[in-house]
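Labels run A, B, C, D, E and F following the written order; every chain starts at residue 1.
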Amino acid sequence: MEFASVFSNLLSAPVLFFALGLLACFARSDLEIPQPVSKLLSLYLLMSIGLKGGVALSKTGFSIEVVSGLGAGVLLSFIVPVWTFFLLKSRLGVSDAAGVAATYGSISAVTFIIATSFLERQGIPYGGHMVAAMALMESPAIIMGIFLAHRFGSGLDENDDGEADALAWGPMLHEAAFNGAVFLLLGSLLIGLLIGPDGFEEIAPFVKKPFKGVLCLFLLDMGLLAAKRLGDLRRSGAMTIGFGLIAPPIHAGIGILLGWWLGLSPGDQLLLAVLSGSASYIAVPAALRLSLPDANPSLYVPLSLGITFPFNVIIGIPIYWSAIRFLEVAGS
Amino acid sequence: MEFASVFSNLLSAPVLFFALGLLACFARSDLEIPQPVSKLLSLYLLMSIGLKGGVALSKTGFSIEVVSGLGAGVLLSFIVPVWTFFLLKSRLGVSDAAGVAATYGSISAVTFIIATSFLERQGIPYGGHMVAAMALMESPAIIMGIFLAHRFGSGLDENDDGEADALAWGPMLHEAAFNGAVFLLLGSLLIGLLIGPDGFEEIAPFVKKPFKGVLCLFLLDMGLLAAKRLGDLRRSGAMTIGFGLIAPPIHAGIGILLGWWLGLSPGDQLLLAVLSGSASYIAVPAALRLSLPDANPSLYVPLSLGITFPFNVIIGIPIYWSAIRFLEVAGS
Amino acid sequence: MEFASVFSNLLSAPVLFFALGLLACFARSDLEIPQPVSKLLSLYLLMSIGLKGGVALSKTGFSIEVVSGLGAGVLLSFIVPVWTFFLLKSRLGVSDAAGVAATYGSISAVTFIIATSFLERQGIPYGGHMVAAMALMESPAIIMGIFLAHRFGSGLDENDDGEADALAWGPMLHEAAFNGAVFLLLGSLLIGLLIGPDGFEEIAPFVKKPFKGVLCLFLLDMGLLAAKRLGDLRRSGAMTIGFGLIAPPIHAGIGILLGWWLGLSPGDQLLLAVLSGSASYIAVPAALRLSLPDANPSLYVPLSLGITFPFNVIIGIPIYWSAIRFLEVAGS
Amino acid sequence: MEDVMRIEIVVESAQQKNVERLIEEAGIKGHTILRDVAGRGQRGNRDGDGLTNAFSNVCFVVAAPLDVADSFVESLRPVLKKTGGMCLVTEARWLKH
Amino acid sequence: MEDVMRIEIVVESAQQKNVERLIEEAGIKGHTILRDVAGRGQRGNRDGDGLTNAFSNVCFVVAAPLDVADSFVESLRPVLKKTGGMCLVTEARWLKH
Amino acid sequence: MEDVMRIEIVVESAQQKNVERLIEEAGIKGHTILRDVAGRGQRGNRDGDGLTNAFSNVCFVVAAPLDVADSFVESLRPVLKKTGGMCLVTEARWLKH
């Protein structure tokens, strides 16, 4: 059954379209998705996930389970960057280590969506508040990344003419919290809470029904970009790529243990694992270009989009699920 | 109940997304909707409204009620610009007064849509021909604005090297009638008439079902733009802003009285009120930049989009409805 | 009944929107569809047709009927360019004749879609493998066009400084096979095969249900472009336009006879006719600009988009269908 | 290489057709258009939003032969006066091919 | 016609607001922005994809009066040093209207 | 500031990869690309529609060191001859940062 579930993920339409995008780029096809279309697709996905989560939250209300789920997510987004940073600092230098740290402390919405589909296919329930957890995990990771970079000397790097840059807390916190992607996700969540199931019903033919299909188009685009960016990693060496493969299961493992210890449902545990184990390629790069321009986006974006994302989607999710099932059986 | 209906409008998803757009801009978030996406959304809305109206018209045929509705709309779009122009001429100068006049004689399709949702939520019927009325109200307002500007001297303004520009009727009428937005709305109406309910059924999964959801995305964009444009109004002074708030109820009031006098149904009265009370921010600016370039778009667009639109949607529609109900009770 | 079926095509929403687009351009309306939106619409249509065909194929499997359908399509896409080339060579010169040859050997996906709607409206079955046939017909036509141009001297034309260009088979075959449009169509077909009806069900609310409506918007755009391009044909003379009107029925006729001889079902015969009789305006121009830049796109694109496409949609399909019915009756 | 004037014109989108006509009337054989350009000037911000083209610009780049450049530039003056915009002229060399 | 400096600045999209501020601070009355520009430079490829603006550039065209041009260009140096980019200066004539 | 040649190249979209290759081969370290540019020239209108890229252009802006500029421009000639386009060369100064 576990084997079948791996396959069910691999042969789902969105994942196949991701593969098609990779292939198109490797085969040097001139297939491309215009930039405004990518933006429309990601606006749609963020809006849709946010609304769905808000409506779910409006049904369940704020229970202890909800608060633990949110708290666990936020906690992970604070600590994951710390160890990531210290692990990579000596190898990559302060700025790039901080960039990767912020990237991996944050989350990938698409990985989250694919994990919810995985759960739905197997009839396993999960809480709508995990979307809120996701929305809350972007800003802390960004803040931690920038803070670490400044605390450990990015301000003193060779480019500078002597005087170290002071960390501009104001603009940095602003960008972390009001970044377009974060703002839309949180805003839609709030609107979902306000309109509730009845209001949602009216807009479901746009924000819910076509969701999976739109996801296919988006993943086609992600595949094209992931393949294009992968080339940039060649300069970064095998150790960096290794990090992109090892970080997800470790971070996800910490997420699972934390979720299990807090008594989250198995479904919520998987989502927490996936949030913890995934890395950002939308919100964080946008925020870092403003607040940490010394970090090289050609390092942290391909690592997140080209290595960690496919790893999680193809291998990670089924493995994490097996681990959760194992803990469940062992614990009972 | 009236109170609940105010709230029902305020807490509907599209209005909340408008608020989210405003907020994003005020909080200086970098959320933005690419220009081609805005264009796609407005093409979709115009096409969809037009088709829906045409199909409705194909069911009812051309009765006296239809003809009075259309006539009332067209009449209002001719007279509203006149008094607006003379009211504002001394304060704003000829060109800008004419620009505002054309803007307020014309209509806002989104306000119209929100009014129809308001009616639908309360189970009140309205005629599909009111879409036709809407489509017919854009051109007269544009024509009146340009005519008034030329008649009262815009041709003689300081920029010119002595000789007054003659009004080029040909290009002006052409732009008023074949403006992209007007053309698509009228064309879709006609196609709706031709294909009828059966043909509409086939395309309803695109043009009807997701409509409300798409509207949310569009209103997010409108919110972003309205907030951005509001800054331009600071230079214009309180009186101008006051006009943006007073004009809608006055114009709507005239619309209600006219509709009532003509014996339109309460639903149609509300729609006529909303057409009369709303102002354009899509078709009219595009037409005026060609035919009345001296009028400053940084005046009439923010007034219409940033003041009058939210006023109508949040306060106006429920007030107009109360007035219609009052007339109904008083009259019976 | 035949007459009614002509009308049913003419008065279907997509065709009416095509007419609206033509009208908008002729009336010099400023209605326009931004370029990224066109691209989104064509990505959507290709993806959707491909998936639908793949799923249909996953149901029927590979029978003899399937193989004959595919074989007939590929054969036609190899031979149509040959006679087209020799017919036009003396009049248009080698390069332009080769461009037109590739264009007419290839296919128009929208014409194909309208033909399937035509069949569906009359309850006539057709095979999903005909989509595969369509996908396989683009590359051979491109290859033949380029091959003929090089074989018969395009390499020696006046622009060149003495030495004839050798045909670069590698890049040419690559572009013919990995052209974005061809790649997406074939890839979606494959994905449709892999996910089957169950997987398709999940994405149908995006890729299937709104299809007809999206097609309307796409045809509006095609109408706008067709009308704009028609002007370019004025320089080409009546004979060229005549070719655009005569080629479709002749090519379709060959397709019908071949389909009939192979014993294809009437539905499949019509689709083969339409594939054979239609001409490309998406994939082929993109490929030829790279591999046969001497051929003038202002000749072969308007011919295909402005003459042959409307001919097939308005007159061609019903005529081809009558012929198939006639053969059927005569043969029984 | 031929000496030409590189003329760069920014006008609002509504004037695109107008400027195209002036280019043709000046007998200039070609032009390049960058669409949906944003900007700021005396007439305020043009951020190029998508509801209406009232706030977006287009940018023309025109390589004009020396003998027609001046009169062409002069013919732009009324348009710029009426609806705003910018016209910059630079000396350039054109690769004849 | 007035002699001006035509200053062309390519920076990454995230710096757009920053450069706009510098232009205003230099007292220059206008600018034109070409958005979503792609490019290649020392910091790698910027292909302008649509997931994030981390890989896209904007291009400014600024007509600056001769007296402010130099100090404005100088004020760009720290931005370019920190986040990369290009600044080209050409002599041009501006059609006064 | 360093003296460079500002080379502006308009070719049809299908030639983008080709010109990128020539820039690299000339040893020029960077370039900027404006995509989906419209235009008119000897080969007719290129209005940049969205069905196919057969009717759209791209515009390159390249700051080339003086010593490689000429040979690079020369290397463009065959491309322009075969598929049309425009190449303008202007003197400019580049802000070294």
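Rule of thumb we're sticking to: a contact is a pair of C-beta atoms (placed from the backbone, for glycine too) under 8 Å apart; a residue touches a chain by one contact, two chains touch by 3 or more.
Source: prediction; values computed, not measured.
Listed here as common contacts of subunit B and subunit F: C, D.
Mean C-alpha positions place subunit D and subunit F at a centre distance of 19 Å. Mean C-alpha position of subunit A lies 45 Å from that of subunit D.
Subunit B and subunit E have Cα centroids lying 39 Å from one another. If you average the CA atoms of subunit B and of subunit D, the two centres end up 33 Å from each other. Under the contact definition stated at the top, the residues of subunit E that touch 2 or more other chains are 34, 36, 48, 81, 90. In subunit B, the residues that touch at least two other chains are 33-37, 39-40, 205, 210, 286.
Which chains touch which is summed up as A-B, A-C, A-E, B-C, B-D, C-F, D-E, D-F, E-F. Those residues of subunit F whose C-beta lies close enough to touch subunit D in the complex are 8, 10, 34, 36-42, 48, 57, 59, 73, 76-77, 80-81, 85-90.
Against subunit F, the residues of subunit D that register as touching in their complex are 1, 4, 6, 20, 29-35, 61, 63, 90-95, 97. Those residues of subunit D lying in contact with subunit B across their complex are 12-14, 36, 43-45, 47-56, 81-83.
Contacts from subunit C toward subunit F in the complex involve residues 33-39, 42, 159, 221-222, 225, 228, 232, 281-283, 285-286, 288-290, 293-294, 296-298, 301, 305. Interface of subunit C with subunit B (complex): residues 11-13, 16-17, 20, 23-24, 27-37, 40, 205, 209-214, 216-217, 220.
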